[in-house]
């Protein structure tokens, strides 16, 4: 385990969760103090401030990279040099160039690699993606993915020199990959329109952004990220399809609601901004935010000799989309998503041949209270529209 | 009352609601059959197919224009010629040019005019706007307004020649004015970025669109409209501010939830797509969708000799923003909102001087479980970020 | 208007709401100071501390009794003596004896009377009751009605000598009548089991209670009332039927959610216990809590010469049920509901002849993923149960 | 693993979940066909129809009893005879006598025993119980636990001769133990009032029941169970305390909402009654319903030589409470909970000395919009109540 920040805690918590057979054996931290505290907190046999020592440790089978973005390339190179499997936290790199370097380093060495994108592994996302694949919503037309909170907990997240950007690089990477999971990973992201602004915090990078991603099928991915949201963590996905709709709420309204007058000294729900009033905690954050299923897939894939659901190539595509976002925010225009190689398929345009009734194009069918249906039809010759009432079945 | 469609029903229902002292006296319809049915349904003394006869009727004090968009100019000119007050449904015109014509016709004549934008008058919107004005969310940074459903009930809505466009002209006009209500009507809409597509229905106009409106303060208005949403009517507003958040759900989750196995013949909840399963009806649609409060404001304003909350000028601005949306969707770039005259004020940029502690810029404060606070601070010289733990109050 | 407390404000707000043609002309208060403030607040021409003067005032057509429970009998007698119509707030009396006295006083005089039970008139309740009547949930089997908050705002509510009890007399009266609205008013309440306790407040009367009401059809009404609930006002109804379910949430989750960091001086949402954090206000309390529809029905009924939905006899039945509750809480056993006269009908027991398949009683049908159905059947001879898989339609 | 029904699937799914180190080695089924299918489905090395062979198998360390209620005693005796640890599904026995027999059999033999009550181990329940223990809601005054659905999937559940009762024995056992978890397990259940009825299904046992459990502290546990609920599975807990409130929704509104027009052949969400319309599936049922955390606690406890959170004694108490429920339903009166031994503590009555201001008892404090507080006070001499406005802090 490389890294002892919040993400290190989440990862180790998930790796050790329940009756897991996996264990963190060595933890690397840049300071001895934090490494020591972390290894005690999680009952880890060894800790070190020497990254190479950690990855070459004989009991290390897999290197989990959970350190700041600007250190990913170096850490991956060290792990690969030691011949170890490597799992890298999000975002893969500070930009597509770094991500490609990581991808190619791992692929050239032939070691197992995985992209630690937990939000594609939440039980709700997995269930919803299965429903989409089963056809429950028809063709996906639009996916909105939103992640907003009042800003990161650690100082380095705010320094664009170390991270590669602001709220997009921190949160947008999640949203982009969630969107890809719903529109289909083989569905090529063609171009991007993005708006960014720094509305509240006195920083150089964006604290708010929205972007549209146009996929080859015509489907739109829309992501919204913010470091200025008030009220906790707002983490929602909304999927629209030709035959259905899916709404996922990961955080603020999940069926656990606590009102407290605040008498409990020191009791603060995680991610809440207050210690009194209505609070909306998660039941089991590690499971509900996807960390547990993510590591299960990674280790099962490694043992089975297959690819994980989230590959380093996926991480590279996410960086490529984010690069396009930053270009678009600057040019204020749609920008193409540029990739050195497209490994997906070609995806036909959404939509089917229109239904015809009596030589008219059917625009819409509606159920009436008496059981009949109202059709709105268009005369293809004149372009005129009209109503048509039919008994159901016609 | 000009018009006997769904909107005519809503308007008359609201005008006659509860113990109202107001009554519709004459209704105009293009066909005698519908005029007759409508006047019976609502107990209206007279109906006619002669628009001029309706507006010049001696008992007509106020002309309510609820007919298709392409007939607004003509109807308003007739009403004004008769010296009557005139209330016009949304959108005011098919474009800003028509809207300006209506506005100037009414203003030149000096009669009372009002813009019938019901969604700015919903009890939830009024309460939320009051909360914003009281400072409950600080400075508004972002407003998302969303209106989506499976497509309009009447044929003419689908004909862009008659309406001026597709889902934007039908639904976007609501969203734009709701957004203005939250960012402040004096806050100038500067420019617009819009994406439209026709993803499902075999029509020439857009059935899906999203737009960003940048206001002078830096606040962003984001609207999402669709004629392809499945599951009923999704009508939500989300307001983000520097000190708070507001979420409004007008339709699908308002505290009335019915599961029915479907045994009730002919029982279908309005706007639902099914007659079995979980349904989410409104309690009192006329009140909750704003129609009642809207007419109260219009008539009270007229009697008091003041302007209503929603003026014809507001309707004109909405058309001007929609014109910019259509230009942007074509140019695929940000387009300025062009108005012949700006009646609002100048609005300073959101944001205040950053807080300083020990010569460092404070980026964020967080409450820790032990009651202390963690500060994330930035050194203005080096640009480096660091953590700082302080006891509360420091 | 007799009374200038919170209920007087609600009633007058509703009577004057929107474009109402009705107006309060005279208000009676026990103190001149409150009468004066009230009449200014609501723009009422006259106020007085002389109850008889108020009811006999020539412009008084209807007397609205909104004063404490122990004064209802006297107020009604004065109104009836003056030959005026009389509308009485809930509960009708401190007990069934007082309620019967009021009922008989009004009926003997032949004046119009109505029972001001607002929660049976909420738009959600009206819509839900219509759905039940249309058969959307089949036979009603169980109704849970719950009203809880941290305790009343006015001192006299806490004095059982003046009110007739505690949380039951204050809140249970609402629940009982809501339950009757769903199980059917002709469905006789046969017996009651009630538990009360004083868990938090240092008072002599109950601050928590639950009761079961068994109706002639076998349906159960369950009410829960509390003066010790934390987090605002919890006002929910849940209706179970053989073919469906209805959930009504009147207060805390109705689609308007505000998070505020609390910067707004003096801004407190009504019924909220805090002025920061997540708040859940109503859009239009007067409408959503039923006051507007209630007075519309009362005045329309009076003008049409028909009975209102909520009659004084209904108020009497509610008191009779509450009397049985208090008896049951003391005896710790089921107690019969005693009425001097039953004006409803006889209601047969819920339930139909069981479905038979191949000589077996069908207990349950379930839809399987493959479209077939699983039947659970019982052999009427042996009493043994078994599974049976059939294709749908069989 | 004894048993191959739905519960066997849940248990095995949880035991094998994620990266678990535990595995089912032998499964016992009463029929070879089901044993074979089950062992294939879960990749279990051996299956048998010989219960003794299963429990004495050399690789069996722990016997999980997941067979019908009337077979528990026999299965536990076999497991104990083989000297194996034994985990028993809910309810422990068909009545307290059987439960005591199981408890004493295990304790006499000195083997490890555990009570498989999954709903006390849901992540939400664990988080909520921790919040209660931290004082977030003050003293617990009332706990409502509700489990209702349209009736069990397997035939034997409907046969009271095999189960010991109806909906109470099936579902009430969950609710009772959840309630104990919130009021405190050391808090003695003193007496019970219960109402049962058979409203819909043609069976001899109850398909609906409600019960009140009075605990020594004065807290009330209220459970509601039904086999006639329509709309899916309604599984909610509501905890009221002197300083707060907790609402837990385990099933129908947990942040995953799917609308489907039904085009997906064969796609049915578990527990849903329809295959179209709005569906509310769980993300990860095994985790969210507590099965994963339950087995983690059981195995960790066994390895650590400590008691699990849910002991066989807890199972015995649950049976004792259910026995009292059935007695009460018959006698229609409160019935004492009879236990052969109480292993909990003595719990003082809820409540503290009342707050006094100026010789008056303070009944309630309210925050006013202007920041002041309104106190409702009682004169202990006269019993009269009055208002008092004070500035905050007084």
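So that you can tell them apart, the chains are marked A, B, C and D in the order they are listed, and the count of residues begins at 1 in each.
One rule holds in what follows: a residue touches a chain if its C-beta (ideal position, glycine included) is under 8 Å from a C-beta of that chain, and two chains touch if they have at least 3 such contacts.
Predicted model only: the values in this text are computed from it and were never measured.
Asker: Which number of steps is the smallest that gets you from subunit A over to subunit D via touching chains?
Answerer: Shortest path length, in steps: 1.
Asker: When A-C is set beside C-D, which has more C-beta pairs in contact?
Answerer: The comparison resolves to C-D.
Asker: Could you state the distance in Å from the CA-based centre of subunit B to that of subunit C?
Answerer: Their C-alpha centroids are separated by 35 Å.
Asker: Let me have the rounded angstrom distance from the C-alpha centre of subunit A over to the C-alpha centre of subunit C, please.
Answerer: 48
Asker: Roughly how many whole angstrom separate the Cα centroids of subunit C and subunit D?
Answerer: Taking the average C-alpha coordinate of subunit C and of subunit D, the gap between them is 32 Å.
Asker: So which bits of subunit D are touching at least two other chains?
Answerer: Where subunit D meets two or more other chains at a single residue, that happens at 137, 230-231, 243-245, 259-261, 265, 267, 273-274.
Asker: Which residues, counting only subunit D, touch subunit B once they are in their complex?
Answerer: 230-232, 259-261, 273-274, 276-278, 280
Asker: Under the touch definition given earlier, write down the residues of subunit D that touch subunit A in their complex.
Answerer: The touching residues are 17-22, 122-124, 126-128, 131, 134-138, 243-250, 253-265, 267, 281-284, 287-288, 292-293, 295-296, 299-300.
Asker: Provide the residue numbers of subunit B that touch subunit A in the complex, in ascending order.
Answerer: 137, 141-142, 144, 148, 150-156, 158-159, 161, 193, 195, 197, 199-204, 208, 210, 212, 214, 218-220, 222, 224, 226, 228-231, 234, 240-245, 265-268, 273-275, 332-334, 350-351, 354, 361, 363-364, 366-371, 374, 376-378, 383-387
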